[in-house]
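After the structure tokens below, expect a handful of questions from me.
As written, the chain order gives the labels A, B, C, D, E, F, G and H, with residue 1 at the start of each chain.
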Amino acid sequence: MRPHIREKKSFTFTEVPENTSFEAGYLTTVNSGWRSIRPVIDTAKCVGCEQCYLYCPDGVIAIKDGKAVIDYDFCKGCGICAKICKIGAIGMEAERK
Amino acid sequence: MIEILWLGRGGQGAFTAAKLLGAAYTIGADEKYALAFPSFGPERRGAPVRAFTKLDSKPVVDRSQTEKADYIVILDDTLYSPNLRSLLREGGRIVVNSKSAIDGALTFNAEGIAAEHKLPTVNTVMLGLLVGLSGAVSADNAADAIKGYMPTKIQERNIAALRRAAQEVSE
Amino acid sequence: MSNKVADSISREEFFYGHKACAGCGGSLAVRAALKVLGQNAVSVLPAGCMSAVGFNFPQLCFSNNSIISTFAGTASMLTGVEAGLRAKGYKDFTAVGFAGDGGTADIGIQALSGAIDRNDNIIYICYDNEAYMNTGIQKSGLTPFGAKTTTTPAGANIHGNIRPKKNMFEIAAAHDIPYAATASVGYIADFIAKVQKASQIKGTKYIHVIAPCPTGWGIAPDETVNIAREVVDCGLWYLAEYENGEFTLNHKPKEFTDVESYLKKQGRFKHLSDEDIRIINESRDRKWEHINKTFGYKNSL
Amino acid sequence: MKKFLSGNEAFAEGIRLARPQVISAYPITPQTIVVERLSEMVEDGSLTAEYVHVESEHSALSCAIGASAAGARAFTATSSQGLLYMAECLYYAAGGRFPIVMMNADRSTALPWNIYGDQRDSLSQLDSGWIQAYAENAQEALDLALMSYRIAEDKRVSTPYMANLDGFVLTHTYETVDIPTREQADSFLPPYETDNRIDFENPRNMAFSAGPDTNYIFKYKEQEGVLAARKVISETEAAFARTFGRQYTGLTENYLTDDVDYIIVTLGSIAGLCRETADKLRGQGVKAGVVRIRYMRPFPNDEIADVLRNAKAYAVLEKDISFGNEGTVFTNVNSALKKAGAAVNGSNYIGGLGGRNISAADIENIYTDIANGATGVNFIGIGGEDNV
Amino acid sequence: MKKFLSGNEAFAEGIRLARPQVISAYPITPQTIVVERLSEMVEDGSLTAEYVHVESEHSALSCAIGASAAGARAFTATSSQGLLYMAECLYYAAGGRFPIVMMNADRSTALPWNIYGDQRDSLSQLDSGWIQAYAENAQEALDLALMSYRIAEDKRVSTPYMANLDGFVLTHTYETVDIPTREQADSFLPPYETDNRIDFENPRNMAFSAGPDTNYIFKYKEQEGVLAARKVISETEAAFARTFGRQYTGLTENYLTDDVDYIIVTLGSIAGLCRETADKLRGQGVKAGVVRIRYMRPFPNDEIADVLRNAKAYAVLEKDISFGNEGTVFTNVNSALKKAGAAVNGSNYIGGLGGRNISAADIENIYTDIANGATGVNFIGIGGEDNV
Amino acid sequence: MSNKVADSISREEFFYGHKACAGCGGSLAVRAALKVLGQNAVSVLPAGCMSAVGFNFPQLCFSNNSIISTFAGTASMLTGVEAGLRAKGYKDFTAVGFAGDGGTADIGIQALSGAIDRNDNIIYICYDNEAYMNTGIQKSGLTPFGAKTTTTPAGANIHGNIRPKKNMFEIAAAHDIPYAATASVGYIADFIAKVQKASQIKGTKYIHVIAPCPTGWGIAPDETVNIAREVVDCGLWYLAEYENGEFTLNHKPKEFTDVESYLKKQGRFKHLSDEDIRIINESRDRKWEHINKTFGYKNSL
Amino acid sequence: MRPHIREKKSFTFTEVPENTSFEAGYLTTVNSGWRSIRPVIDTAKCVGCEQCYLYCPDGVIAIKDGKAVIDYDFCKGCGICAKICKIGAIGMEAERK
Amino acid sequence: MIEILWLGRGGQGAFTAAKLLGAAYTIGADEKYALAFPSFGPERRGAPVRAFTKLDSKPVVDRSQTEKADYIVILDDTLYSPNLRSLLREGGRIVVNSKSAIDGALTFNAEGIAAEHKLPTVNTVMLGLLVGLSGAVSADNAADAIKGYMPTKIQERNIAALRRAAQEVSE
């Protein structure tokens, strides 16, 4: 299973670990707030070549049913995928304003 | 004491604005004291960051982050959230760079002004707005601060933008 | 459409939700390597961007067993982890380190050299972003000639860093390490193949992967991969391996792309004079003379 | 000239004026700005110095020792992990009596990792033989940079000097700072002259071994050197006041302690808020006061005992804990009082660890607590979870 | 089985019986014999462990931390410069709550260079979060080696443990030592079990960062762990007595302190001579006694105050000086008394620096001195040269 | 009868009255080098035999300016000394380090690597006695395969040290240092010539000189020079230089003398089995294959 | 001048240096006590080739008037010179007994 | 308490003798305590070294070097000096390995005995002499100590030499 955002985000005195060891891959904050632009997949164009998946530094692209899909919780909008996709199936759009 | 909370993204110059305000406030004045500091932490480019300016007539000794601000200045409207109101002192104001109106906040198209002056960032524009709105420092002192703390070749454009913004709100 | 490289590595993500800058090349290197090594990888990361962005309790971004080491202690902690797990009876695991250029070539070289000398069964990956980035872009031993950093300012008197880049790959090779390789995140398949190969060799393995840092290099976040290719294409970096005492070049650009164009894309090189660029070109040519003379060749791209 | 500067920048300005001849630089947050600024000064020619990009903090101080052994004025800066990584060299520099100046940005130490300001780093190195000063604000930081070499290089002292700035809240916080002129600075601080150096006319063997028959004499003289700083600091501050018009107060700074019941003893940048709180309480009729420790070494035994002995209670507020005991400042203060036979009640407040904020309310609580007879070791923010 | 062994050899025997799984070894006088003996045990098969020839002490402890993080029992040993060179890792191991055991051969620290025994090395690292024990003789050294893991690994404690042996006078001095059998040792010390480790079923992220919001909680828990050792040490000593028939006395060991006027507080191997001197003085009608501090961390505040409060005067005799103040043990003892409101007169004797001998006559002089109302900091062997 | 070598160096003695064991090879190396460099040499020595035997106040055995560094700090202190003297306006001096094998290849490699990287104007001489001798003969990274030390005991289960010797010379060369060389105190003229050459080159110079330790090697004190020759003659050590990016062999034994005979003269190798010796022979041959392939040749003896 | 043994050997409190710096080449103890055998030069044979001078680890051999001479204060009797001298001009003799 | 000071050169085994004596003294005895230690320091092979043994019926707590010895045992007569007498307790004796007589010391040709037993060093011979002279330990216990602390293959020769030497002085 892909890492995901957890419900429990804050830790009381007793919940803070006794040592510096804790569950691997425990996520409490998303990165979506980092984006000012977002990648959008044109599923019509996407051929599922997985180049974007391989090069995304954040690992937020997966291929589902032969098409790239993005986990917008953690995509930072860097735009690498859009440049990597040779056939232009990814466009960068303004986040919101 | 007047406290200003600045919100921006790494690289947008929120902290520079915070610093310029502090410098402007204390220029040539003996009984004026200021602190300015960024939010400290491992934030990276792209992540939302905060900055703080505190202005007072006696030395500012509380170096902790502002918990109740007189002004919250937001450089990027994607960072606005209604929760921010809890950080506002009574009578305090939120100023946002935005093309559209936001309930409970003053919005300005700072990007427009910045673009007019060929500036890649809106920080001095937002500073100008704050100067105009708050009157905490004069536009002249703010311009002097820019002269003292920004690279020479971008001073003029920033000063112009600042004055333009300050005027915008005094009008 | 199936992608052989993608199929050769895990579909799981092991470095996720981290707070690296958008477009960070280092995080791409770590992510890709862990997808090769899988869930039985135990990662050791010293102080540096990758640990700083990945381990802020309670936001913990590695899905495999991972631990931060002291800045100087990547390799020595790897040694301890590997020995400890072996002593506990574990066999099926890979102890892998991810250290930055500063953590590798400067403060960490004592421990790295010691681990290679003992031939400890570990993989050490240096993600090279060519400066101390986590502390705000200071010169390291791997900062290239001419680069502006916050401790090698470029002004009228000094044009940035005056020293060439230390050659960690050849230093590792001079230790007669079982396996060493250079790579670039711009050629991810090559990097992945090298991590794969390393995971099958017993003893110490060293992989040096160029991982551009948009923040420190002064490029747009979406340029990371392109610039990581261009540094290879213009000949300022090379893809190679060292194994059984022999050097092998893995990619011979037919013609180098323009060095100046590579440099001038980056904020850190903006100030370079023609003379500076001539020096860089010359040193590239000298390097390639050496490579052509002493390296074998086997294309891997 | 007045400028709006951070603590780090102010310190770098002070160092520029002090004309170090060799600077060894290694980055670590929150110190790095200092060596960045110095690299710019060397580049633009406003400072003439050998600027060495070392490969670690151990090398940073080792290089500074080498430079000092060559007779040059040497500077380096560090923080936290870096201070610990160079620990061996701290003792080395002090034992060799090399008057190096180092800025330390006070920061928490791992584990857990944390880049924020507490004082466990420098306080853990109290025994190293260095003079340890703690600045309260950016102006004092700059002034310490200037005074440091004059104190350290004084023949009676010949001891390295560590100037501590609270990480972030001081190092990264901008305030107005008065920067002296080059002429003033040069008139205040003469060039470094020593015979503890390489000498081609009179070759020396240095940093040697000394066996059981003489070793303790070297150590005694080292102790004498640090203790001599007590006098030299006050002389230097007097000269500083004459030149620059700012008067400092020696090893401690007292506030409202003439007629006082409750005293907070503390150090570093939190002192201002303590004073403001004391003011507030005075307004409410509570006789509150503050002792700010400016120098932890040499330790102000008498200064502290003299003030505290007449109070009803004191609290030591520090960003430090010596695990398995109490805060180190508290231990030192208690010893001072014990020796002075002062029976006044004291307690210890551990705050600001890992950068946790100490608020005005926290400080007010401390005063209330000690007025109510509090004792023992208290972690600000933790209550009743367990016995400490 | 009785054997005639040096302190180092006895400690190595104790470690063999404790079955460490990873040993990281780096030479330094006077510790080296320990890792040499262990290498022989690994070679001859009497100990099964990964023996790692590391390249420095920083790596020695870093490697041990890695091994402990893997869930293995880890051992290393060092001294002096080595202890300082690994300082960063000391704090790291403690903050991560890794129950590593390390032997430290107490030795002087440079400059000047000196290989002889004083205690400035370990005492300078009191704040590091390690339990610190000081052995008096070879038998106690061996016994501490065995007890150390049981104390350190106790879930309530989870804290690294430093066993200190005075350089040469203990490490290199041969005496008769009783070596327990393998069966006895195994029944006393169970294998190490922990969840503070790499776990392939339940992957962990370890040695992470913690910001201002939680950092102080980690530090508080670290403090709790060291303090919990107080109880666990006494439980462990009780169990040790049941298995091996030798009973130890917790954080301190008192001698003739029931009806006492003059007490020397000290630590390490000099305690025996202090006791012999006390005996002699008792014979002369002087009510002399000795408190030997066995553990500097956790610090025996109550134990010391309880005994000293009824005396007429005490002296702290230590091989240490915190430059610019006084001996660190003295400071700690004074704080204990201050907190307990004990007004008894005390003074500090700094002896044995750089291996200088402390003679029976020196000790007798201390008793005479304090009976005459001596105060302050006194360097044995130096008198009247200057004020300290 | 005049001796050209003797005439080429100072008649003064700069390392005199020291407490090294009788017949100590390390002290011979230090003595000879200082007679080349003369009274304006500033020596930096880390913890190790040479500082331990030379600097016991008030018995101070160096006649030139000399200082002990921390064990890890030879090169970093050299850097500081050189920078400090330069800052003070001195021009005519040589900053020279003398560090043991442990102080060089293990704990000191971080600082050494850093100094080479900066190209500091210093000479770094490693006197290699192949173990930590000052602390009583423990294995270092330069202890050769098979050697018995007090931490690599030779018994029924393990035959002494199981790892080969780290190649510091090639590691220094991989840093692209201006000058590096190997030498042996058995061929003192060659060593002296190399120190002389180094003193005339600007930048960092590294000289690695084999310096037998009768105490640690288990030989008679009067055998030091002979054994230092034999290790070269039997091919287990070689005399070479690295300069301008090229390796040069300085001495090609016509025929190697017997390795076993070299080994069996020494207490530390007494226990070696035929199999162990076969391994040593093989690795020598492999090394020489590499040398013959990649080194130039210029006889210096 | 060759380093030599000094008169002043012990240092009082005030004479101990303030720092760790002292006159270079200051010698207070000799090494002659280390020897159980001593090298003796046969001046008749010695041709002054200086090989022994070059290889003596203690530097105690000098050539005077074309012949090797030894500083017995500091010679440790290692015997290297005797082995180096190809023409056998140095013999090792028992120190005294 | 009996205190023995041993003098030799590094490599001659003076400390081994000191240790063997301590071990022998405490073998199987409950109320017998011993300390043995070398002189500590950076001495090198060839340099004169000292070692110490202290024997007592109660635990030996004074770990410092002997200032007044009951016996001074010298393994190499080049190390003898008349000044050593100042280190001798009243009635104490100096025992020297020497072929010739020395005023104020007992001399024995220990080398001769060692050679008889094919031993390269005289340390166990000197131990035997001390055993015989002092009676502090029995030759049997000393032999047991050799069995416990010396490598098997040299035990016999050393025991024989020790017994021979012990006999030499009891005769």
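Please note the rule applied: a residue touches a chain if its C-beta (ideal position, glycine included) is under 8 Å from a C-beta of that chain, and two chains touch if they have at least 3 such contacts.
These figures come from a predicted structure and were not determined experimentally.
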| item | value |
| --- | --- |
| Third chains touching both subunit E and subunit C | A, D, F |
| Each chain counted as touching subunit C and subunit D at once | A, B, E, F |
| Of F-H and A-C, whichever chain pair has more C-beta contact pairs | A-C |
| C-D, E-F or D-F - pair sharing over half of the C-E contact pairs | D-F |
| Interchain centroid distance [CA atoms averaged], subunit D/subunit G, Å | 51 |
| Intercentroid distance (Cα basis), subunit H paired with subunit B, Å | 86 |
| Centroid distance [mean C-alpha coordinates] between subunit G and subunit A, Å | 76 |
| Mean-CA-position distance for subunit F and subunit C (Å) | 33 |
| Residue list for subunit A, restricted to those that touch at least two other chains | 11, 13, 20, 22-26, 34-35, 76-77 |
| Subunit D: positions in contact with at least two other chains | 53, 55-56, 58, 81, 85, 88, 92, 95-96, 110-113, 115-116, 203-211, 214, 217-218, 355, 357, 382, 385 |
| Residue list for subunit B, restricted to those that touch at least two other chains | 41-42, 46-47 |
| Pairs of chains found to touch, sorted by chain label | A-B, A-C, A-D, A-E, B-C, B-D, C-D, C-E, C-F, D-E, D-F, D-G, E-F, E-G, E-H, F-G, F-H, G-H |
| Of subunit H, residues touching subunit F in the complex | 10, 42-47 |
| Sites on subunit E touched by subunit C in the complex | 21-22, 24, 49-50, 52-56, 58-60, 62-72, 74, 88-89, 92, 198-200, 203-211, 214 |
| For the subunit D and subunit E complex, residues of the former touching the latter | 58, 81, 84-85, 87-88, 90-92, 94-96, 108-116, 120, 123-129, 131-132, 207-220, 222-224, 226-227, 229, 297-299, 301, 320-326, 328, 330-332, 334-335, 337-339, 341, 343, 346, 350, 353-357, 375, 379-382, 385-388 |
| Subunit E residues within the subunit H interface of the complex | 2-4, 6, 30, 115-116, 168-170, 172-176, 269-270, 272-273, 275-276, 355, 357-360 |
| Contacting residues of subunit E [partner subunit F, same complex] | 25, 27-29, 32, 35-36, 39-40, 43-45, 53, 55-56, 81, 85, 110, 112-113 |
